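Below you'll find the structure, written out as structure tokens, and then a few comments.
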Amino acid sequence: MHIANPLSFDGLGVWIAALLTLFIFSFLYKDNPFYKLAEHLFVGISAGYYVAQEWWAVIYPQCVKPVMNGSRPIMIIPGILGLLLFSRFVPKAGWLSRWSLAIIIGAYAGIKTTGFAQGDLVEQFHASLLPLWVPGHIGVSIDNILFIAGIISTLVFFFFSTEHKGAIKNAAQLGVWFLMISFGAAYGFTVMARVSLLIGRFQFLLDPWLGVARF
Amino acid sequence: MASLIVFLVVLAVVAGILAFLLRVPAVAAWFARLRGLDRRWIFVAVWVLVMIPLLFPLKLPIAPTARAVEYYEEIEKLKPGDIVLLSADYDPASGPELGPMLRSSLTQLCRHKVKIVGDCLWPGGPPLLEQGFNQVARDQFHYQYGVDYVNLGFKEGREAVILAMGNSIPGTFASDFRGTPVTQLPLMNKVTNLSSVKLLVNISAGYPGTKEWVQQASRRFNLKIISGCTAVSAPEYYAYLQSNQLLGLLGGMAGAAEYEKMTGITGSATKGMDAQSSVHLLIMLCILMGNLAHWAARRQGER
Amino acid sequence: MQRQVPLLLTAAIGLVMLLYFFVPNPIISGPGHFFEDAVIIVVAFAIVLGAANLLQFNGEIIVRRGKDWPYKAVLLLSMFAMIGIGLVEGEHYLDPETKFSWMYNTFYASMQATMFALLAFYIASAAFRAFRIRNVEAALLAIAALFVMIGRVPIGLAISKNWPNGVQLPQISDWIMENPQNSAKRAILMGAALGVMSTGLRIIMGIEGSFSRGEGR
């Protein structure tokens, strides 16, 4: 058992991290000042981290540096548009920030439209054109039929331009069943994800902090 | 076959006993009272069932799934000197799931003497990628920074960064993680844009991540992509696997453990799987007991 | 000026990004590349704006000694400490031996990971208190969830490794993921794609322009 040494720089970091971990876990009992302290500390540290990251990873190398050394003076335009975002703090000049938002919204509208069209709609539709009968492979044939039925019935469920009655209603009901299986599977995976994160924290407490196991 | 029959018989017997017991008023009343159980008892059960298997491992068997094997095989196809883009699009919140994937992927890539260009679309990612590079590429395989691997760090902009990289990677990342101009890094002289890259290994925690790489780069720049992702996002990516937009997938800590088994590593994912199993059983039990309590209370109400 | 110029800008930039996908001509791709680079910078400023908003909001509470003001002071102090250390340490701020990296590992990484780990407890509690099987739909959801939960972990393999091939728990879990789950998810993907595309086109055509109507607070 090798407990972290709080007198070393790294060991002190492990001790603080472990105590903050326990502070946050204390919320499981009930809300308390230790949790609140950790919560606010987390928000502050995160915000500070993001600002430093954005400065050193983007604003300085992509905008300030190329403008200052003259290698790409045109980057002053996005720099000014970025600064205009702060006009939101001045009520009378707040409308200026809309120009900056225009570039963000316009660019992403274009990027996402083509991305979803090519990546999701066309490719997914193309991959759904499966043979319903594969000679010699009865299992694959059944799977393909089920797969196509699942896609069509789920799409029918989301199609609200026609009233759901008769055959449409039955198809939509089948779609609901497929959706429920899909949500159930997603739930199972979500459980797995959350439990994994908890395991990670316990591995931290047991290994670098208390030193009772090696992970 | 015999074990399946035994399992089904046991299941039927347990269901029968429960159905019978629920007809006994005292037992039904006990189940009905369970509805008022303080949730902190469940928290304690979770705590214990994570802690015990971590301290006293059962070493349950792990078998790789087909999608994890595909992930492994895609990296096996690489030749020495090939350039791979490793996009570590995650932060510490997903570390227990994705950290083991990053380390195992780096191990397999380094075994094949592949050149690695690393980047991050998540602001919290660069230190994690750097730790992975230092532990595996530098310390275990003696990779040389700038020659065998590069950490380009983080760039804000999500899909816009992917598109910009499709045009020019050095143009998008003018300097690396340490602020060194990429023109001074020999490896980056061989990298122009995404077409210089043989394979994208994407370690993804959500948005931006695998979905965005697939949408923006897989067909537009003919980029081959494999993904190690969080369990939460894995179900959505099965659609991309079936359409061959993704060539391999590791889903969550289970996927990481399967991959560790294939690469011959006994890492934190493998060691966490016993605890994962025990808490899954607990949650299944919670669903069962919660419903029994509900049914018992309803029967009592009917009476 | 206040409303029309932003709408015009949005339409022009959106159109360029759209055409840039279809027309590989420098007349279009040149501005397209510029807008890619430019939006990266503007979005970075937007993140800084978020921090400034945090400062304004919490600063007001501290000044008027509002509820939990000492915690808000901790929040702002820690934010300034992180920014200050990051800026002072320069471009090497993320090297493993820097104070900024130490702060990252000690505070940011540990607390972020724990915040998300808390959810495991609540998901277990919710499974007991809220997961009710009341009809066929809920039963299908529960069955799929149970098979996936047991099939994706080693205990599922341990229980069923001697069962006939094809009905072992991991195989059932995989089949659910690859077939019924996948087909419904694909339909959702296709529907969502149509939704995003129509919204994108509405923005580019100026029909959807709520951002240009007012700032608010």
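Observations on the structure shown:
The letters A, B and C name the chains in turn, as written, and every chain counts its residues from 1.
Assume contacts are C-beta pairs under 8 Å (C-beta built on N, C-alpha and C of every residue); 3 or more make two chains touch, one makes a residue touch a chain.
Bear in mind the structure is a predicted one, so any value in this text is a computation, not a measurement.
Of all chain pairs, the one linked by the largest number of contacting C-beta pairs is A-C. Centroid distances built from C-alpha atoms place B farthest away from chain A. Rounded to a whole number, the gap between the C-alpha centres of chain B and chain C is 16 angstrom. The distance from the centre of chain A to the centre of chain C, each centre being the mean of the chain's C-alpha atoms, comes to 3 Å. In this assembly, the C-alpha centroid of chain A lies 13 Å from the C-alpha centroid of chain B. In chain A, the positions touching at least two other chains are 28, 49-50, 53-54, 56-58, 62, 107-108, 111-112, 116, 118, 120, 124, 182, 185-186, 189-192, 195, 197-198, 200-201.
With touch defined as above, residues shared between interfaces to two or more other chains in chain C number as follows: 21, 36-37, 39-40, 43-44, 47, 91, 94, 104-105, 108-110, 112-113, 115-116, 120-121, 123, 127, 142, 145-146, 149, 152-153, 177-178, 181-182, 185-186, 189.
Counting partner chains per residue, chain B has residues 43, 46, 93-96, 123-124, 126, 153, 155-157, 160, 163, 175, 179, 220, 235, 239, 242, 251-252, 254, 276, 279-280, 283 touching two or more of them. Listed in rising order, the residues of chain A touching chain B in the complex are 28-29, 49-50, 53-54, 56-58, 61-62, 65-66, 107-108, 111-112, 115-116, 118-120, 123-124, 126-127, 182, 185-186, 189-193, 195-203, 206, 212-213, 215.
Interface residues of chain A, counted against chain C in their complex, comprise 9-10, 13-14, 16-18, 20-21, 24-25, 27-28, 36-60, 62-63, 74-75, 77-79, 81-83, 85-86, 88-89, 91, 94-95, 97-114, 116-118, 120-121, 124-125, 128, 143, 146-152, 154-155, 158, 175-192, 194-195, 197-198, 200-201, 204. Of all residues in chain C, only 21, 29, 33, 36-37, 39-40, 43-44, 47, 90-92, 94-96, 101, 104-105, 108-110, 112-113, 115-116, 120-121, 123-125, 127-133, 142, 145-146, 149-150, 152-164, 167, 170, 174, 177-178, 181-182, 185-186, 189 touch chain B in the complex they form.
Against chain C, the residues of chain B that register as touching in their complex are 1-4, 7, 35, 37, 39, 42-43, 45-46, 60-63, 65-66, 91-96, 123-124, 126-127, 130-131, 134, 153, 155-158, 160-161, 163-164, 167, 171-172, 175, 177-179, 220, 235-236, 238-239, 242, 251-252, 254, 257, 273-274, 276-284, 286-287, 289-291, 294.
Chain contact summary for the complex, chain B toward chain A: residues 40, 43, 46, 50-51, 54-55, 93-97, 99, 123-124, 126, 153-157, 159-160, 163, 174-175, 179, 211-212, 214-216, 218-220, 230-232, 234-235, 239, 242-245, 251-254, 267-268, 271-272, 275-276, 279-280, 283.
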